[in-house]
Amino acid sequence: MSRRSRLSRWVLAGYCVYLILPLYWLLTLALRSNADIAGVFELVPSNPTLANFAEILTNPVWYQGFVNSISYVLLNTLISVSVALPAAYVFSRYRFLGDRQLFFWLLTNRMAPPAVFLLPFFQLYSSIGLFDTPLAVALAHCLFTVPLSVWILEGFMSGVPTEIDDMARIDGHSFWFFFTRIFLPINRSAIGVTVFFCFMFSWVELLLARTLTGSEAKPIVVVMTRTVSASGMDWGVLAAASVFTVLPGILVVWFVRQHLVKGFALGRV
Amino acid sequence: MTWMAWTLPTAIFFAVIAVALSVLIVLELERPTSMSRGWLPMATTRGDRFFISLLGAAFIHLLWLGLTPWSAMYASGLAIIWSGVIMAKG
Amino acid sequence: MAQNKTQDNRAWLGVLPVMLIVAFSGVIPLMTVVNYSVQDILDFNTRFFVGFEWYRETLTDPRFIDAFLRQLGFSAAVLAIEIPLGIVIARGMPTQGLRASLLLVLLATPLLIPWNVVGTIWQIYARSDIGLLGVTLNEMGFAFNYTAEPLHAWLTLLATDIWHWTSLVALLAFAGLTSVPAACYQAAELDGASKWQVFRHVELPRLKGVLVIAVLLRLMDSFMIYTEPFVLTGGGPGNTTTFLSQYLATMAVGQFDLGPAAAFSVIYFLFILLFSWLFYASVMRSEEGS
Amino acid sequence: MQLAQWVGSINRSVILVAAVLGLGACGESNEAAKTAAQADVDYAANAAQWIDAEFQPSTLSRDQQLEEMAWFTQAAAPYRGMTINVVSETLTTHQYESETLAQAFFAVTGIRVNHDLIQEGDVIEKLQTQMQSGENIFDAYVNDSDLIGTHSRYGYVVALSDFMAAEGADVTSPTLDLDDFIGLSFTTGPDGKVYQLPDQQFANLYWFRHDWFSDPQLKQRFEQRYGYPLGVPVNWSAYEDIAEFFSVHVGEIDGQKVYGHMDYGKKDPSLGWRFTDAWLSMAGAGDKGIPNGLPVDEWGIRVEQCRPVGSSITRGGAANAPAAVYALQKYIDWLKAYAPEQAPGMTFSEAGPVPAQGQIAQQIFWYTTFTADMIKPDLPVVNADGSPKWRMAPSPHGPYWEEGMKLGYQDTGSWTLLSSTPLERRKAAWLYAQFVTAKTVSLKKTLVGLTPFRDSDIRSQAMTDMAPKLGGLVEFYRSPARTAWTPTGTNVPDYPKLAQLWWANVANAVSGQVTAQAAMDSLATQQDRVLARLQRHGALGDCGPALNEERDAQYWLDQPGAPKPALANEKPQGQTVDYETLLASWVRAAGEQAGAQMD
Amino acid sequence: MARIRLQEIAFTYPGASEPTLQPISLDIQDGEAFSLLGASGAGKTTLLNLLSGILPPTQGRIFFDDVDVTELPGRDRHLAQVFQFPVLYQSMSVAQNLAFPLTTRGSTLNREAIDKRVSAIAKELNIESILKRSANAISLFEKQLVAIGRALVRPDVSVVLLDEPLTAVEPSIKWRLRRTLKHVQDELGVTMIYVTHDQTEALTFAERVSVLADGQILQTGTPEAVYQNPAHQFVGHFLGSPGMNFLPSNAFPQPLQRSFAEDGDPETIGFRPESAGLTAPSEVLLSGIVETQRVLGTAQGRVVSMYGLRCGAAQVFVRSPASFACGDEVGIALQRWVGFREFLRVGSNGAE
């Protein structure tokens, strides 16, 4: 096919190298001691050590950070998908007052530069007693993930013929049955893509997560900042922690990869 | 809600916008608009024009504050004229 | 796609949860920030109304204007590179098989790394004494030092942003391309269309939807870029990589100078809103005209 | 108001969601704590066990330790079962507190403590968030005493003197011995009240490679070239000469490139610390008077009574005075000419460990927090027998410096209680703060973290035994010279707002975008603008800023003290002192002081 | 315009054990309207892809006129294709779509000539009124018309391939499009190859039809010939609705069997429902029992019905104006039949 031209394949190959090299470097850092990292340049670690990984695996603070992060990411994904599904459905099926303006408005919420909004966020969630809970972070991240989820799901659902709705109605199914048993399975791939995007935004976000948590719900990205201290920078542990933070993401992508292609392909294009 | 740091002027400002939005909704339900074309380079609905006039008013204020040393009241006056023009003719 | 939709305002019930959640975590903080922006706030019970003073101060502050122009330059550069690059990469992607899956995972990886880590990775990767990139460049004879040379700092930041975000564009574009029916390529082939014409007339129109969102997301995010330059260059050398968010964060989380920072934010927000809306409206307009 | 109702209803529904989702993590741990408290725990046995297993050596006898712990058990009784959250920056000392002392505290009192460790900047951010919102985030903070001017003026920090005398009396340890804290003066406000309780303390000193400095061949080469002996530099001229000597003339030692200077210059908040901590006062920009110089301090801020009145020369300040400009210029010159190529891109944290790699001959501005990482075996700067190849010594001073002025930075991370923390929690946190600084544990903590804060610990036998390994740390803390090392003082009315101005302006000068003079002028103007804003609303009370009218700079330069007029010769003859002689004088002075105290 | 010759073309997908196309030879005349008819999976699309140069044949040669184009890529074969779903350039107007093939390949046509050509084609297809519209803003039917127009617009086009072009069009207007196509083909005399599984389309459009099954061409001929005189049992079965009736020749009464033997001695006799009549049962006629009856309409004042009859083990359909009821025994008079041996035609008889 004419699509995969030689040029673009070369660019892709080059880009892959470009992507991999920093990741490789991260991995080698994780396998070296701090003195080693700051002291010498070497392509392959000559004194590889697993001490950095051991530190992370044995210190409960790190472990707890992972648990906290995963719990708010999952919560966020759950909330985003479950509120976005009905919204996307009505967007794809009905015309209503202000529908055209709504999506742009949803997106504009992402335009707020986070720095100043941190204090209102903090106060908002403290005032309802959610400060330092995963739910607070999950809800705050909804600001970013919900508009995107609606957009992805709506695109996909618009591609599903309305005849399916009518057919279910004629067959005498309740709306609830139709939606959960017929409509959602059709949109499986889109949900996969949505999950990926929710995961992506929620997992990597630092500022809100930091502001909305104290010690109970402290996420992994915040735990990572402790590697910078008055007695130096703990490169090795930071790198090892980074390697760990990449892993869940890779797992998610691997599991939804089929949906990613399909969901993307049939979705909003 | 003391933490929201309300002041009277901002409260009035938001109240005005809220009222305007409600009026727009009611109008829309009573007399729905369709896309129409004024001297703006695209077809707009009443809601679109409302948004454009607000955004325009904001930038009139910004320009005024950035470029002139005079009171922002003049800018507000300009902004009201601008909004009127857009809502009516946009 | 918009055909046969029924008009029914009860549909609002379906949108309500989304509206509530977004209004709750979006509108309330936004209103609070607007409230902040007209006050001088010393602590939570010591506040003074100052009107538009912070706005005037920000707008006439040469540092703000410089940072704003730099920001425009950076966002423009990011969009100009990442959008085409993402499309080219997407065009090179295989559509099935293990290789496709692995590539997909590789492409998605940078998107899943916490932002501060992205900055850290590049910071050390580009160091000219212990970083792979920096050392390699120096070995090749370029006196590369991103901590001292403004140009190098810019290039490194761009490289970092490209590394971090092009994948998003590529994934979206890839999705768009997968939906182009084979017949379209075939027809263009038989019509004798050149490679460029195939791209321009067959692929690009089908990519429009995803590209709109890619451009919007990249525009907003690049306009708000903070973490990477903060970690990588701290905004230096000098002010050369100090973007709006750097400047803002110093005010907001460093000095906790809420009033001026809020005015700054509102101005900032208005500009992004304007750019995004102009873009959105022009896209909508071209759609409507067609 | 409709909106209020609406928000209210959301609140309820969100809480409902939270409840349904069963996010009971914190509930669970509370319960666990309660059951532990309800069970009949033998706190005395626990205390004994901890004392024997962990808290040795100590300056107290075992019985005294037991007695002190018994007081904690008894005082904490009303708060048993509580879980409190405290936070501090990442530092070996705090790590020890978080991982060991918090456990011991629980064993002895039944109060559970989450001692959180985060980056220093984040600690301040949390503190500020609590201050700005009035919402309790942490029950106690350990933050540097630099904020004393802010704490004492804004009124959101509990004045410990008042607290201990009133509502906190029943939870204030009789064995606290406040006068034993060497950093107490740093945490005392202009009103004479103690606002914070020191928890760990460190200084910045001059650091050098003792082995190279005593190398006969190098010594001879140096003397030949510069006309005076190689030794610990007393003034900046000598420091500059030595830096040039190693970076330019020696170049390589044992086949490795060496540098005569190390510093950092990345545009980062830590670049500000570099300056606000002591740099200007080392050059001699401020006034005489310990701790911070009166009426003009090292930030160039002049105070009258306790009111800041300006920082530009035109208002009687010294932030853009010749001495300040000189200080900035020297920092830049040395960074560019003598430090490793990477140094301008480093932050404080990155630059700190660099001397340990063995290529740095001396560093003028070196923090003792790096001591623990400099004495690890197998480092290029540690001898085979474990003794350091390096030493620390008093920092050299600039040409504007005069006897009786602050000579360096010393700060104490201290416990801070906020008035927005509920009283019960505050009391429990106060118990913990006293516990981790109690004499029972303090010596052990000091030996682990090397950040001594109690005079009794410094003078202990254990520290004497440790001294040879610490390159002069113990000697420094025992010497009376120590008092010339101080943190940011009470002249600075709003540390967060003002400190941010420094790094941005300094970075501009480092990159060469503006001259040192322009950078300091801009800094002074911006500082004054912040002061004016604080003054405008009069919210800071009697010690709030009250700016002087601007007048001709010459008027102020003509007055005695800072701002000082430019010197004709900013590079006087270099002066050095032999390290061993210096050390002997410290030891002698320490002995005299101890003797004087005994009298 | 060109004459298309396929010489022993065959195709096997790499790695497949069975060939997708058996060696095929075809000769399509210049300006001919030609149909390829086959059920899905018969190899139509493969054959089309071989023609358009997407796939290279495993063996054989392809000639356009006398030029061997086997190795030429599709774009150099000067052919045009119309797809199942209208393929248009969404970002262009209808006129731009039509003009597009004229502007590519370094075309030397000037603006005026292009416009002339476009308006000529538009006139031919009767789409002049929508020329200015965007390609996105017209109906599916119009889109397919534009797609056809784009295929026809190039004066140097050697052949137009039509790949089931009516699939996406609503049934109610299929005939309009079909008529337009036929009309244009007649007017312009372009060589067209129409690929479809729909016999009506194939038979009404083409001058000649090839019936394809299992990668083989079973028969090529005029629609009449293919319909009336199937060369293969499958062709008879495939065409017509219902298709041809087949009975073993020994199921017929002796006299008929004898006459069959003179005409090639077939094993199987095929006859179309309309090539037989129903009368009273008789010794010399094939007999059957009426099982179903469906009224089709009237002809010359008489009701015509489709009868389903049981003849021994087999069921046959006969269209007849006679009137019988279910269960009646009837005689079937063959007016025309085709005889097959081993599925291939060996003889035929009768008049239509």
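Of note:
A, B, C, D and E label the chains in the order they appear, each numbered from 1.
As a convention for this text, contacts are C-beta pairs under 8 Å (C-beta built on N, C-alpha and C of every residue); 3 or more make two chains touch, one makes a residue touch a chain.
Given the structure is predicted, the values throughout are model-derived calculations rather than measurements.
The chains other than chain C, grouped by which ones touch each other, come out as A, B, D | E. Compared with chain C, the chain whose C-alpha mean position is the greatest distance off is E. Compared with chain B, the chain whose C-alpha mean position is the greatest distance off is E.
Taking C-E and C-D together, the pair of chains sharing more C-beta contacts is C-D.
Computed centre separation for the pair chain B/chain D is 52 angstrom, with centres defined by C-alpha atoms.
Centroid to centroid, with C-alpha atoms defining each point, chain B and chain E lie 65 Å apart. We define each chain's centre as the mean of its Cα atoms; on that basis chain A and chain E are separated by 54 Å. In terms of their C-alpha centroids, the spacing between chain D and chain E amounts to 92 Å.
Residues of chain C in contact with two or more other chains: 9, 24, 28, 32, 36, 41, 44, 129, 189, 206, 251, 253, 258, 273, 277. Chain B has residues 1, 3-4, 29, 51 in contact with two or more other chains. The residues of chain B lying in touch with chain C in their complex are 3-7, 9-10, 13-14, 29, 41-43, 51, 55, 58-59, 61-62, 65-66, 72. Chain B meets chain A in the complex at residues 1, 3-4, 25, 28-29, 45, 47-48, 51.
Of all the residues in chain C, the ones that touch chain E in their complex are 181, 183-184, 186-187, 189-194, 197, 200-202, 204-206, 289-290. Per the touch definition, chain E reaches chain C in the complex via residues 52, 54, 74-75, 79-81, 83-85, 87, 89-92, 100-101, 104-105, 134, 136-137, 147, 150. By the touch rule above, chain A contacts chain D in their complex via residues 34-35, 38-39, 61, 75, 118-119, 122-123, 126-135, 139, 210-211, 214-218, 222, 225-233.
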